[in-house]
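Everything below concerns the one structure shown next.
Chain naming follows the written order as A, B, C, D and E, and within any one chain the residues start at number 1.
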Amino acid sequence: MIFAKVIGTVVSTQKDPKLTGKKLLLCKEVDHSGKPLESYHVAVDAVQAGEDDFVLLTYGSAARMTDLTKDAPIDAVIMAVIDDVNVQESA
Amino acid sequence: MIFAKVIGTVVSTQKDPKLTGKKLLLCKEVDHSGKPLESYHVAVDAVQAGEDDFVLLTYGSAARMTDLTKDAPIDAVIMAVIDDVNVQESA
Amino acid sequence: MIFAKVIGTVVSTQKDPKLTGKKLLLCKEVDHSGKPLESYHVAVDAVQAGEDDFVLLTYGSAARMTDLTKDAPIDAVIMAVIDDVNVQESA
Amino acid sequence: MIFAKVIGTVVSTQKDPKLTGKKLLLCKEVDHSGKPLESYHVAVDAVQAGEDDFVLLTYGSAARMTDLTKDAPIDAVIMAVIDDVNVQESA
Amino acid sequence: MIFAKVIGTVVSTQKDPKLTGKKLLLCKEVDHSGKPLESYHVAVDAVQAGEDDFVLLTYGSAARMTDLTKDAPIDAVIMAVIDDVNVQESA
């Protein structure tokens, strides 16, 4: 899984029927401290994430393992909003 | 999912039978504002996308989750034409 | 899918039994105009491609979706020989 | 599989129900000698790994092949703590 | 599939039960001529490869398609020892 920050929404009318009712969020990849990295990702939101939230993204077939995303043509899902990242002192 | 712009078509006669009747589109990856990036992708069109359209591409096993692409040997599908990307002001 | 050019063959005797009878081709990734890129790939040939052919490669689980490659431990397949790539003028 | 070192933990309350009871560890990718590389990964721990442990990470659908991670929306799992890496002298 | 050279072994006691009896080999990615590239990979050996062998690695769900690796949490397998790579003259 990778860290990301939700920064926007993607709107589409002409889409695969299995996308209906799924929120597409624009996410910017960040590191474990929340610092922005280069990549942008579009992911389905499975945990009611809001804008500015620090989240975890799952990629690939795993993205279809939530109740919301089962069998949908999507390859990325937000499956957790992060409360905290604890990095050990010696790291 | 990643953003792309449809810029052409790919024609093939000698191909796997499961590709028959599927439109192969040449796509250029773009960022969320539509600015061209480096990569090119070939994807099956599942939503009647046209040339110049700003679309979403799904990769991997998820590309076989549309009715059109079920069980086909393809790893990328266009599953949405994008109307709008809303980026929050503070991002 | 990505574009590639077939540039050679790979010969193996000591291999998984499910590879028997499958042709392993050495492919160089190219762009949509056929210009060579950096990467090399080894793919199973599912469409009787020949050397020098301009082809499409499918990656991942999709590579097992042809009759030839079903259930085999391979992650890349040639599933189309390309006749033509039409790029729109404004692109 | 890739080598990693466990360097922290990720805490989340608002998450997919299938993540309940799974420990999310922050891992830094390292090479075979344990030297830190650039990438960070978040992985579920399936082998009671502890902080500072030198571990193996499995990616993709394989990450759901442990008893703990079956059917969960996760794309990376720690499935081995490494005792030793033996590199042959001529390498 | 990618080319690699076997350069060592990885030893683990604390691991997922499905890894028992599977040999984990340290592989260095090479090009088609055997020239070392940058990446290292850990893969399960399904074809009795030995150190210094020039081999093919399969990634992703395909790595579970050998009898040895079925249902195991591994994402890379050695499924062929290479005898020869024939590159056509004009390439």
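The criterion applied here is as follows: contacts are C-beta pairs under 8 Å (C-beta built on N, C-alpha and C of every residue); 3 or more make two chains touch, one makes a residue touch a chain.
What you are looking at is a predicted structure, and each value in this text was computed from that prediction instead of being measured.
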- prompt: Tell me, which chains sit next to both chain D and chain E?
  reply: none
- request: Specify, for the interface formed by the sequence copies chain B and chain C, whether it is same or different in terms of residue numbers shared by both sides, with half as the dividing line.
  value: different
Field: Cα superposition angle of chain A on its copy chain E, in degrees to the nearest 5
entry: 145
- prompt: What whole-number Å value describes the gap between the mean CA coordinates of chain A and chain D?
  reply: 20
- prompt: Counting in whole Å, what is the centre-to-centre distance of chain B and chain D, each centre being its mean C-alpha position?
  reply: 32
Query: By residue number and range, which residues of chain A touch two or more other chains?
result: 60-61, 63-64
- prompt: When you draw the chains as points and link the ones that touch, which shape shows up: line, ring, star, complete, or other?
  reply: ring
- line: From chain B round to chain C and on, the chains in turn are B, C, E, D, A
Query: Quick one: in the complex, what on chain B touches chain A?
result: 1-3, 31-32, 46-49, 56, 58-63, 65-66, 69, 77, 79-88, 90-91
Field: Contacting residues of chain B [partner chain C, same complex]
entry: 7-16, 18-19, 24, 26, 28, 40-43, 51-52, 60-61, 63-64, 71-76
